[in-house]
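A quick write-up on the structure given underneath.
A, B, C and D label the chains in the order they appear, each numbered from 1.
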Amino acid sequence: MAWSRDDMARRAAQELKDGFYVNLGIGIPTLVANHIPEGVDVTLQSENGMLGMGPFPYPDEVDADLINAGKQTITELRRSSYFNSADSFAMIRGGHIDLSILGAMEVSENGDIANWMIPGKMVKGMGGAMDLVAGVKRCLVTMDHTNRAGASKFLKSCTLPLTGQNCIAMVITDLGVFEREPGRKFRVSELAPDVTLDEVKAKTEADLNWE
Amino acid sequence: MSNKVYKTAAAALEGLTFDGMSVMAGGFGLCGIPENLIAALRDSGAQNITAISNNAGVDGFGLGLLLETRQIKKMVSSYVGENKEFERQYLAGELDLEFNPQGTLAERIRAGGAGIPGFYTKTGVGTVIAEGKPTREFDGESYIMETGLTCDVALVKAWRGDTQGNLQFKKTARNFNPMMATAGKVTVVEVDELVEVGSFDPNYIHTPGIFVQRIVEAECEKRIEKITTRERA
Amino acid sequence: MSNKVYKTAAAALEGLTFDGMSVMAGGFGLCGIPENLIAALRDSGAQNITAISNNAGVDGFGLGLLLETRQIKKMVSSYVGENKEFERQYLAGELDLEFNPQGTLAERIRAGGAGIPGFYTKTGVGTVIAEGKPTREFDGESYIMETGLTCDVALVKAWRGDTQGNLQFKKTARNFNPMMATAGKVTVVEVDELVEVGSFDPNYIHTPGIFVQRIVEAECEKRIEKITTRERA
Amino acid sequence: MAWSRDDMARRAAQELKDGFYVNLGIGIPTLVANHIPEGVDVTLQSENGMLGMGPFPYPDEVDADLINAGKQTITELRRSSYFNSADSFAMIRGGHIDLSILGAMEVSENGDIANWMIPGKMVKGMGGAMDLVAGVKRCLVTMDHTNRAGASKFLKSCTLPLTGQNCIAMVITDLGVFEREPGRKFRVSELAPDVTLDEVKAKTEADLNWE
């Protein structure tokens, strides 16, 4: 049985280590915050200028001057700090964030990622995604293994315009977990329950290390 | 003594606006945008504006006001997804658009204000962003050169400001505002609250008054794009 | 939960020091220098240190301590005039010295911490500082390229810090400390006062805890180089 | 009668305009603060991270954490703000300071300045001087017209290592005031009392516009 979105988020949350500073993208990555393992203390960064992102506010706490990078209203914590966008991306570009968890439209076998643009469609912009994949120490993708048409999103090389090159260290899909060392091929490190290696092979265009 | 304080947003922009001008506007989404100054810029009638702002507002609010009136010729932004009129004009070829990665945009503005005409970054290497840009290797890794950005008028939103132009920002409404304050040939600031000099602890001033030429107190609507809440247990 | 708090300056440096290491030390003159961490670095016995610091302390205080024991191989500074032992070692060829204009030094450190490997500046064009450095024209003017700086260990002095490493600096003791905090592979901070998380207003934190790996509360002598006063009327 | 140091500072102070942000070097420039014309409100920057420098403290006000760029103890004003060294020099390099008044060992006829190094002597470093002359909107030098040996300090070209090129707009010496427009020669715009043009000519190596 393939993993649900929450299963994928739960699996991704296991990559969080105590003391980590983490940036979570929109979609499945946002759900990761609900699955942080007990005893693991992480600080969430929001690239619009905040460390120590708290949960959504109670209705009477909503503050227009306090939003996350997804433009949702949020709250602060005792540890929180605010800073400007240049300082925020200095933090990201400078390699101070331990882990970024992103969604993707495509990931290639050499760790490229495409998640910001579909040519011919209205282009909304890359926001902070290019900075995150270029700067964060370790970038992890959560995505469905195939698109709605059943085609693999884990490709030999990305067909869509890239967000970044050679920057994804781990991919978590509904079928399993795929990891790579720098300069090596991705290997299958975990399969979702009842998912077979053959099923993954059939649904993967990328050339993985299948050992 | 020179006076930086203006009574209205319109007065604060008087003499500064012209066709073909470049403008920076602070804010992330609708958070921390200089609402009143943007409205005053629309009312000035200036045409063919190049607007540098992380986002393009929404229909009928923020920079959306200037899109409605077609006063903007070109946008430099990182994300413009929330605006149908923007989309229409862009797809019709009526509007020029330059995408910058958000961190690159923020750093370009800081660099412009800091007298740094160019810097190198990893962001965008191997993507369309790198096309046509000089590259250079450092320690065997490839980086692209980005240039500093300045503008004719920077429109900034702060929380509190004193009559010398010293500013404090509130929470995530800080975002692009402090860098833009440094990058305008003229910087005009609207504040929720104008206070006397000496009201701030000098240790905790986010933007020193040297960067601010004009300041106006103005009431803000502070529209929220996505109200997300939780229920009390 | 991970713990950043150490009991003594010596403990805060344990396992971080080694021969040939590069160190940044905050401060301007003797103002805002990490006195206790510098003394602990001396006591660690690490040799052949490259020290990046705006100044070199005075005889017997600040980095002067490490000069006395000849643990410093090279200094990167903007001004070193207050130190006879420094002068002696330098003239005897025992010490390497790289001068950077003060603003270039500050920006190089910020750039290093911000993932910017190089940037262009007008400072030093046409002077010895430009020799051997790449140049580039922007808008018909010539600029020189300077590189980002990082280090193995950054020694930082703050006024108050909380147990998560969030920092506030006091007055002009801020100087180079905040940038250095971003540029160390490991950043160690000594504070006058260690406080609980939540003691600071998040709007007024100068250095977010993400940049701080170790923090120690330690008493400072805070020596003053030049006491200048006026008489009461 | 040639000008005294205080006369030179007083003359330099006339270049201050209401609302100016100003950086004063060490020596004669420091004295300028004592001669700010009435009704002219200026804010002094100290490049170690302060705007709004106040006077020396009373003895019981001395604060080790509050010094100027000359490492002297100072005080703050109601308008003061503190910032880090990168932000301080962003302000300087970015052209936000209206006027810098510096001392000099030599100035050349094309506006070069040398004021940080004498080869063969112990070199103390340039501190912030190179940043100031490269970044501040208008740079003004106060210096004695000749050195102790009577040789001109206003030269055809500097003999000492430069602090900056083509950056000095005005020179105030004990003999007079010398101004230039960008790309033009310096011209004599004022003479100290009883100082003759012939005396200035005799003591000046630089080729000035003597009209």
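Just so we're on the same page, a residue touches a chain if its C-beta (ideal position, glycine included) is under 8 Å from a C-beta of that chain, and two chains touch if they have at least 3 such contacts.
Note that the structure is predicted; figures quoted are calculated from it, not measured.
Set side by side, B-D and C-D show the greater C-beta contact count at C-D. If you average the CA atoms of chain B and of chain D, the two centres end up 35 Å from each other.
Between chain A and chain D, the centres computed from C-alpha atoms are 54 Å apart. Averaged C-alpha coordinates give centres for chain C and chain D that are 28 Å from one another. One inter-chain figure worth recording: chain B and chain C are separated by 33 Å, centre to centre, where each centre is the mean of the chain's CA atoms.
Multi-chain contact residues of chain D (touching two or more other chains): 76, 82-83, 89-90, 92-93, 135.
Counting partner chains per residue, chain B has residues 107, 110, 114-116, 121-122, 169-171, 202-203 touching two or more of them. Interchain contacts give a graph that is no line, ring or star and is not complete, per the touch definition above. Counting only pairs that meet the touch rule, the chains in contact are A-B, A-C, B-C, B-D, C-D.
Chain C meets chain D in the complex at residues 28-32, 54, 77-81, 87, 90-91, 99, 101-107, 109-110, 121-129, 159, 169-179, 206, 222-232. Contact residues on chain B toward chain C in their complex (touch as defined above): 107, 111, 114-122, 136, 138-139, 141, 143, 147, 168-171, 202-204. Chain B contributes residues 1-2, 110, 112-116, 162, 164, 166, 182, 197-198, 200, 202-203, 205, 208-211 to its touches with chain D in the complex.
Those residues of chain A lying in contact with chain C across their complex are 18-19, 21, 39, 41, 43, 45, 51-52, 76, 78-83, 89-97, 135. Across the complex, chain C is touched by residues 46-50, 55-59, 61-74, 76, 82-86, 88-90, 92-93, 112, 122-131, 134-135, 161-166 of chain D.
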